[in-house]
Amino acid sequence: MPDRVRVALIGAGRLGRRHAEVLASQIPQAELAAIADAHEPTARAAAEATRLDRWTTDPEELIADPSIDAVAIASSTDTHAPLIIAAAEAGKAIFCEKPIALDLEGTDAALDAVAEAGVYLQIGFQRRYDKGYRAAKERIDAGEIGRVETIRDAMRDPAPASREFLATSGGMFRDMTIHNFDAARWLAGSEVEEVYAIGAALVDPMFAELGDVDTSIVTLRFASGALGVIDNGRRSTFGYDVRTEIFGSDGALFVGQQRDTPLLQLNREGVRHDHVYWFLDLFAEAYAEELRVFVAAVADGTRPGPSGEDARAALALAYAAEASRRDNRPVAVSQFDRAPGSA
Amino acid sequence: MPDRVRVALIGAGRLGRRHAEVLASQIPQAELAAIADAHEPTARAAAEATRLDRWTTDPEELIADPSIDAVAIASSTDTHAPLIIAAAEAGKAIFCEKPIALDLEGTDAALDAVAEAGVYLQIGFQRRYDKGYRAAKERIDAGEIGRVETIRDAMRDPAPASREFLATSGGMFRDMTIHNFDAARWLAGSEVEEVYAIGAALVDPMFAELGDVDTSIVTLRFASGALGVIDNGRRSTFGYDVRTEIFGSDGALFVGQQRDTPLLQLNREGVRHDHVYWFLDLFAEAYAEELRVFVAAVADGTRPGPSGEDARAALALAYAAEASRRDNRPVAVSQFDRAPGSA
Amino acid sequence: MPDRVRVALIGAGRLGRRHAEVLASQIPQAELAAIADAHEPTARAAAEATRLDRWTTDPEELIADPSIDAVAIASSTDTHAPLIIAAAEAGKAIFCEKPIALDLEGTDAALDAVAEAGVYLQIGFQRRYDKGYRAAKERIDAGEIGRVETIRDAMRDPAPASREFLATSGGMFRDMTIHNFDAARWLAGSEVEEVYAIGAALVDPMFAELGDVDTSIVTLRFASGALGVIDNGRRSTFGYDVRTEIFGSDGALFVGQQRDTPLLQLNREGVRHDHVYWFLDLFAEAYAEELRVFVAAVADGTRPGPSGEDARAALALAYAAEASRRDNRPVAVSQFDRAPGSA
Amino acid sequence: MPDRVRVALIGAGRLGRRHAEVLASQIPQAELAAIADAHEPTARAAAEATRLDRWTTDPEELIADPSIDAVAIASSTDTHAPLIIAAAEAGKAIFCEKPIALDLEGTDAALDAVAEAGVYLQIGFQRRYDKGYRAAKERIDAGEIGRVETIRDAMRDPAPASREFLATSGGMFRDMTIHNFDAARWLAGSEVEEVYAIGAALVDPMFAELGDVDTSIVTLRFASGALGVIDNGRRSTFGYDVRTEIFGSDGALFVGQQRDTPLLQLNREGVRHDHVYWFLDLFAEAYAEELRVFVAAVADGTRPGPSGEDARAALALAYAAEASRRDNRPVAVSQFDRAPGSA
C-alpha cells in the first residue's frame, strides 16, 4: 500500500462532487487521483474545482490504471453493478453509493464478483457515520440502554425529487426507505424477519401515476424479538426530517437534529428557530466521515463496512416491503434470501 | 337546571379521588354532592378530604336521588356499563372513565340505554382536554397544516401495572392503545378503515403468561387516505412518554412534553433535565378541564363529547388490532361495526 | 392550634383573588374564614366566587376576631405595614405580599412589631416556592454544583403596567428587581455587599417622566466573593421572561421556562412554539405552594420564611441600587443597614 | 489580482494550523502559498499536512515575496504589530488574529502603517462569521427586533489555559472579554460610552497571583442609550459556553448552541445530552468563513471587516474595564481614544 490511498471518483453529480471535495482536501491519507463522469463538462468542472489535472468520460480507463488503489462510485444507479464488477476484477477497493442495483440479481452478481476478487466494498449508507447515529450505536453496543425493544425511525424529504429521477428510482422503498432499513438492522443488531407496509400517494398524484407512493409506514419484526416501525414521506414542509428513537430495557436514545442556525427569535408570535433543510447539510459531516473510514480501511486492510451484504439485506427488505404493500399482507423477508448454492 | 350542577362521584380510587378534588373546589359551577365507593374506608376518606358529609358504598342510592344532576363514574371497568344504564334510566348526565365495557355487546347495551334516555354521556378520554392536544386540534381544524397525511402517536407507561390489574384490563389494545385510537381518530378527523398490529412480550414474561403483550405497533389506514402508526410500551424507563406528531400538507405539529421541572443541570456529564413521570402529573390539567367541560355541558345542554360512540369506535379499533395481532394480517375495522338494526 | 388554620384574606385584587381560591380549595389544612377589601364589590365578588358568607370592607374587624388564626395581606402596598402591625399586635400569623413598605422606616416599624409580638411573618416572594427555583436551591444546598461563583438573573414583564400603578410603585428596583434581589441572596446563600446599577427609559418615555427606568442592569458582589448580575425590563415582547443561571465550581443550573403549550409547529418558517405570557400562569403553582407552606408553618409552629428580615434585606438592596443609579457609582449596601440599637 | 489569492500563513500553532487547512482546501479562490513558523518542526509539520513544499522559520522572507498577495497572521501576540507593519509596507492584504497588540500604542502604530499603505486589514473576531451571530446581525439590521435595548453576552472557557499562556495574555479583559466587546459593539450598532467592571479570582488562586481575575461582569452603556452586560468565566465545567441575547423593541434574539451530538439519552436519571466542549468545534465553521470572506475581499477589493479600528475599539473597552475594576468606579471609554492629531 502506498503512502496515500489514490482514489478515482466515478460520477461527479451533486453527491459525487461533494465526495471529490472531501477526497481532495479533508483526508490527509487520501489523494484524489482522477475524476470520471459520462457528462464531459461535469467531469471537467469537478476536476477544476479540486485542482485536478486528470478527468475523463470513461471510467474504465481509471479502473484499468494500476496506479489507482480505489474507486468511489457515485454515478447513476444502473451503472453501479457493472462498475463494481469491473473494479473488483481490477482488484480495486470500492466505495459505492447505495443501491448496488435496483434488483437482487444485479446485486448478487456484483457481490459475487467482489467475493471472488476478495476486494473491499463499502456502501454509502452515510447515516452509519453521522455523529448522532454513531454515538447511539456505541451506547447501544456498550449496553447503556440494555436490550433493544423498539425502534421508531422517520425520514421525510423536504420536497419531492423530479419526475425524471423518481421514474427510475425504484420506488420509495428501494430509493428512500432503504436507508432506514439499513439503520434499523444496524441499530437493532438483529435481522428483520417480517415486514408489513402500507403506502399512499398523498403528496402528489405523480407518485400514483408512477405506481409509487409518497407516504409510507413499514412495521418490522426483528429476529431478536424487537419491534420496529419506519415512516417516510416525500415532503415534510419544514426541511429534512431524520429522527430515530431506540427504546431499550434500561433507557432510550433519540437521534436527530432540528435546528440549523443556533438562533432563537422571540416575539409576539412566540419562539421560533429554523430547521435544517437539505440532506447535504444534515449529513455534511457523515459524508466526509464515511470516506475517511473507507480510505483508512483501504490503507489498513480492515473492513468496517457497511458491506455489500448489508446493501443486499436492505434491498431484500425493500422488496419485502413492496410485496407487502402490493398484497396487503405481512411478508417474510426470507423469501428474498439469496438462492442456496449461489455466491 | 339549578344554579350549580350537583355531581355524585362513583368510585374514589386513585383517579376518582382526583375527580373528587376537582369537583369539590376547582369548578365554581359544580357542587360535589356525594361520593360512593364499594370499599367503605375509601369512600369515607375521599369524603373527608373534600369536606363532604355524604358518602356511601351504594352507588344506586345516589343514582336514585333526584337532587343529583349528574354522575361521574370512575369505579372498576366491569361496573361501568351497569352504572351507565342505571344512571341513564334515572335521567342523569353521565361522565364515565374509559372503557364503557371490555366487550362491544356491553358497550352497545349501555349506548342503547343512553340513546333511549337522551341523556348526555361524556367519556374520560382526557387527552382531548390536554392543552397541547387541544391546541393541535384547533390548528388542524383551522387549516394551519393543510390536509392531514400522517399521524405518529406514541405512549409508554413508566412501569407495568400490577399483575392483578393487568389480568382484568382487557389487554394492551383495549386498556392502553384505546387512548391512542381515540386521539388518532379525533386528530385525523377521519375514521380508521383498516389496522395491522404486531406485539410482543419483551418487558416482562408476565405479559406472555396473561396472553397479553407489553410492546406493540399498530398501523392505521384512515378513510381520508391518511396513514397512521401507534406504538406502545408498558415500560419506558424514563417516565410517562406521550407524544404525537401530525404531518400535513402545509406543516406539522408535534405534541408532547418531556421536562417536568423547568431546570437544566450542566456539568462534565453534559446537560440534564428531568422528565415527567406520572400520568396524573402529565394530565393534571386535562383531568380538571374535562370535568369543567362536562359540568358546563350539563349546565348548558351542549354535548361536546367525546361521546359514547367515540368510546365504541375506539373499542372496535382495539378489537380489530387484537384480531390482526392474533392472525397476523390486516383487519378491516368494519367487521366490528354495530349490527344493522341495533340501537 | 385548631384542626384547620382559619385564614382571613385582606385585599382581593388580582393576586388576592388567586390567594382566596387557593385557600378556599387547594389546602386541606386551611379554611378561608373571611375576605376584606376596601372596595365593597371586590370583597363581595371574591367571597361569592369562593362560596364564603363572610366579607367586609374593614380589615380591622377580621384582625380583631379571635377565631381567626392568620391573615394573608394582598392589599395595596401602603397598607401593608399598618396591617402587619395591627395583626402582630393581635397575635395573628401573617402572610404579606412584598414589599412590607416602600421605605426602610416603615419596614422597620413593622418588623419591630412582629418581633415584639413573636408572631410568624412570611413574605410573598413566590419564586422561592416555584418548582424550578426550589429544585435549584436544593441542588445548590446539596453541594451538586460546588461553590457558587456567578449568578445571572433576568426578569422582563410582558408589557408595562399602567401609569397609575407605576407612579406609586416605588420604581423599578423596589417594585420589580426586589424579586431578583431576594432570589439572588437566597440562591447564593450569601449577602450582597455592594451593588452598581445602570438604568434607562427605553421602552416608554413615561418612565422618564416618572423619574423611573424601564430597563436596568445591576451587578452584585456577594460576601462569599461570588459575583452576580440582574437585568430587568418592563417589556419583553414575547411574554414573561424569568430565568436564572447559577454557575458553580462543579456545575451550573439554569432555571426557567419558555414554552407554555407543549406543542411545536413546523413549517416553511421553521419551528415555532409559544411562550408563557403572564406571571399568574408562570407562577400558578408557586402561588399555591407558598400558601401551603404558610398554612403548614402556622399549624406546625415552624418558620420557613422568607421572613420579614428577608424583605428588608431585599429592600435595602433596592435602595442601594437606586443610589448607585442616581450617583453612577458602586454603593455599599451596609449604609442601608438598620441603625444599631434599633429593633 | 491573479486568478487565485496567494496567501502566506504566519504562525502554525493550534489555530494557525486550522487556518492552513482551510486555506489549502476549503476556499477555491485561495492558494496557500507558504507557511512560516518560528519553530521549525511546527512549520514543517503544517506544510506536510497541507502538502505544501514551501515553509520557513522566517516570516520576513514571505512578506518580501512579490508573488504573495496576502498574509494570515496567527503567531504569538507580541509579533502581530511588527508583522502587520512589515506586511503593510510590503503592500500585502492582512488577516490577523486578535489582538493587534496588548497596548494601545502598539495598536495605533500598526493601524497607522496600515492606513498609510492603504492595505486591507481584517481582524480574526471569528464570532462575526459564526452562523448564529451572522443571522442575528442580519435580523437586527433588517429591523426584525426593532431598536436594540439590552444585550446580555456570556462566555466561559471550558477550563483555564496554562499559567504560561495566562501570564502574558494581558488579563481577562484584553484576552477574553475582547471578543465580547467586539460582538457587543457590532450587534448593538453603537459605540460603548461607559463601562463598569467587577472581577474576582474564584476558579484558581493562580489568577490572583497573576493580578488577573477568572470571573468577571462588565456593564455597558451604549451611545444609543442601550444597556449591555458581559459576563465571563475561565471555567464553565460543562464545555465552551458562548451565548448572547439581544432584546429589542419588537422582539429578541438568543444566539447560542449547547448540544454537540444530536442525541438525547433518556433513563431513570432524566434526559441528558452533551455540550460542545471546545472552541475549535464551536467555531469550526466561523474560522473557515472568516477566511473565505477575507480571501474574497482581497480578490474583490472590498473591506468587509472587522477592521483594525474595530480591534482598537475593543481594546479600548478592555482598558476601560480594567481601569474600572482597579478603581471600582464607572469609566468613560473616551479617555482611551486615540490622541487628536495622531494617525
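Should a chain be cited, it is by its letter among A, B, C and D, assigned in written order, with residues numbered from 1 in that chain.
Keep in mind that, in the parts below, contacts are C-beta pairs under 8 Å (C-beta built on N, C-alpha and C of every residue); 3 or more make two chains touch, one makes a residue touch a chain.
All values derive from a computational prediction rather than experimental measurement.
Comparing the chain pairs C-D and B-C, the larger number of C-beta pairs in contact belongs to C-D.
Relative to chain B, the most remote chain by averaged C-alpha coordinates is D.
Taking each chain's centre as the mean of its C-alpha atoms, chain B lies 58 Å from chain D. Mean C-alpha position of chain C lies 42 Å from that of chain D.
Centre-to-centre spacing of chain B and chain C amounts to 40 Å, using the average Cα coordinate of each chain.
For chain D, residues that reach two or more other chains under the stated contact definition are 145, 236-238, 250-252, 266-268. By the touch criterion given at the top, residues 236-238, 258-259, 266-275 of chain C touch chain A in their complex. Residues 147, 149-150, 152, 154, 156, 196, 198-200, 202-203, 215-217, 219, 221, 225-229, 231, 233, 235-238, 247-252, 328-330 of chain A are the ones touching chain B in the complex. Those residues of chain B that touch chain C in the shared complex are 24-26, 28, 49, 131-132, 135-136, 139, 144-145, 250-257, 260-268.
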